[in-house]
Amino acid sequence: MAGIRRLVLDVLKPHEPSNIILAKVLSELEFVDGVNLSLYEIDQNTENVKITIVGDNMDFEEIKRTIERLGGVIHSVDEIVAGKKIVETVMTEQDR
Amino acid sequence: MAGIRRLVLDVLKPHEPSNIILAKVLSELEFVDGVNLSLYEIDQNTENVKITIVGDNMDFEEIKRTIERLGGVIHSVDEIVAGKKIVETVMTEQDR
Amino acid sequence: MAGIRRLVLDVLKPHEPSNIILAKVLSELEFVDGVNLSLYEIDQNTENVKITIVGDNMDFEEIKRTIERLGGVIHSVDEIVAGKKIVETVMTEQDR
Amino acid sequence: MAGIRRLVLDVLKPHEPSNIILAKVLSELEFVDGVNLSLYEIDQNTENVKITIVGDNMDFEEIKRTIERLGGVIHSVDEIVAGKKIVETVMTEQDR
Amino acid sequence: MAGIRRLVLDVLKPHEPSNIILAKVLSELEFVDGVNLSLYEIDQNTENVKITIVGDNMDFEEIKRTIERLGGVIHSVDEIVAGKKIVETVMTEQDR
Amino acid sequence: MAGIRRLVLDVLKPHEPSNIILAKVLSELEFVDGVNLSLYEIDQNTENVKITIVGDNMDFEEIKRTIERLGGVIHSVDEIVAGKKIVETVMTEQDR
Amino acid sequence: MAGIRRLVLDVLKPHEPSNIILAKVLSELEFVDGVNLSLYEIDQNTENVKITIVGDNMDFEEIKRTIERLGGVIHSVDEIVAGKKIVETVMTEQDR
């Protein structure tokens, strides 16, 4: 296992296609092992979701195209994990 | 294991049939492994429950029909987990 | 294992019979594996307890009759877990 | 293993005999596996301690007599765990 | 394993001998497995430390004499664990 | 395993090259096992990221050169873990 | 394993030599297994770091000399763990 292993994306999308479909389609990309899609804000025509994608050697451009093909826009990439080992962020004295 | 693996639903329902029955009926759907139903608000005629459903290749439409057949309405799908691996949402610097 | 696996009950009861007796009697029901009874409010004649019951294929009506036979009343069923797997509730972005 | 498995007691006691002695005597009861005694308030002549006792098929009356023989009084039984399995209390939406 | 298994002590001591020496001497008592000494307040001539001692069948009087021989005074015994099993204190509804 | 094992860096960088590229390039350094890059502030031309790098006998100068080659500047090294064992920081009474 | 097993030190040091060097040199002492160095305050000419050192039968005087040789001063020894077992500090009712 190597390359991009986990991504946390902040995505703005229309209500349709549904989040069920978006999560399923992303989870079916060849290099993806699993997807967590959490809804955090709903407006009249759009909604904001936080998407966590785990996999091996993930192709960010293909993930981006998939989200855009379903009407979504990536607002920011909040976390990237890359390499042989999954590394979690560490709380330091600077964060307290 | 693949497809939809976990759903968190916000559901409005009448007091009857009881939550005991709703949890049991959902847990008996063929593709469901387990259900957690938590009550978070009670009004005179209705109540709001948070339902977490875990399974393999879950059929959202059948879950929805089952809830509606027992008088409930899904207000929102708060989280969807899909794919070979169960992925938990990750706290990032953006959430602090 | 299937059916109702865990229940969290909010119960109002008189001081006698004691909580020791109530916990023991519930734990001796055939389908029950264990009981946690926590006291959270005491008044002059009554007390409020939170009862968590774990088991397999639990019969809610029998649990209810047992509590009522010992003078208690179930105020609400706060959580129900059902199915082959014990599912915990998941914190979502909606809960933050 | 069955019957009463864990008790959390709120006890008022004189300074003597010491908490060291009280914890030791309770831990030597035949049906007790372990005792945790925590001091939470000291007054001029008395102190309040929280006692957690773990065992198998514990005899509450004998525990009570032991505490009283050493000058203590049980103010309340804050938690009782009974049955084949140790069940922990579960945080529900009602507790948030 | 039985008897006193863990003690948490609140100790007032002079700056000398150092905490390094106090921790080491306590850890070398025959019935002690390990010691954690945490500094929580420093004054001009004295300091307050919280000492957690883990062992088997520990002799409180010998621990006390050892601390006093090095100039310290036990202000309070905040927690005592005794018996075959190490029991942790349990958060109950009364603590919330 | 020895030498520098984990570093937490506070880095200021331009938007391009992207964080995806920075995380990937760092994860491909020979002595690196994994990288976590978290975005915590975005300004018009720059962004601040917290980078956690895990590996064996890591060469800080090479990590620094790599970051600078991609336009970034290390503002501070917030945590360093070195040696045969990964040691986590410990909360003491002084931190409460 | 015995003697001093873990130390948490509050150290004031000049910016140079760097923390990378200080962590590495400490981790290379024969009796040290691992070092965590966390930066918590930076001033114009000095910085404050919290150093956690884990090892077996550690020689405090040699650690102190090593830190002083690199220009640092130990302000306080915040925690000492000694003995056959690593003992963590325990939260008691007195800490709540």
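Descriptive notes on the structure:
By written order: A, B, C, D, E, F and G. Residues from 1 in each chain.
The criterion applied here is as follows: a contact is a pair of C-beta atoms (placed from the backbone, for glycine too) under 8 Å apart; a residue touches a chain by one contact, two chains touch by 3 or more.
Everything numeric in this text was worked out from a predicted model, so none of it was measured.
Steps from subunit A to subunit E, minimised over paths through touching chains, total 2.
Between E-G and B-F, more contacting C-beta pairs join the chains of E-G.
The interface formed by C-D recurs in A-F: of the pairs listed in E-F, A-F or B-F, only this one shares over half of its residue-numbered contact pairs with it. Averaged C-alpha coordinates give centres for subunit B and subunit G that are 49 Å from one another.
Averaged C-alpha coordinates give centres for subunit A and subunit C that are 39 Å from one another. Centre-to-centre separation between subunit B and subunit C, using Cα means, comes to 22 Å. Each of the following residues of subunit A touches two or more other chains: 38-39, 50, 76, 78-79, 89, 92-94, 96. Applying the touch definition to every pair of chains gives A-B, A-C, A-F, A-G, B-C, B-D, B-F, C-D, C-E, D-E, D-G, E-F, E-G, F-G. Residues 2-5, 60, 76-90, 92-94, 96 of subunit D touch subunit C in their complex. The touching residues of subunit F, counted against subunit B in their complex, run 38-40, 50.
Residues 6, 8, 10, 18-20, 23-24, 26-28, 32-39, 42, 50, 52-54, 76, 78-79, 89, 95 of subunit B are the ones that touch subunit C when the two sit in their complex.
Residues 92-94 of subunit E are the ones touching subunit C in the complex.
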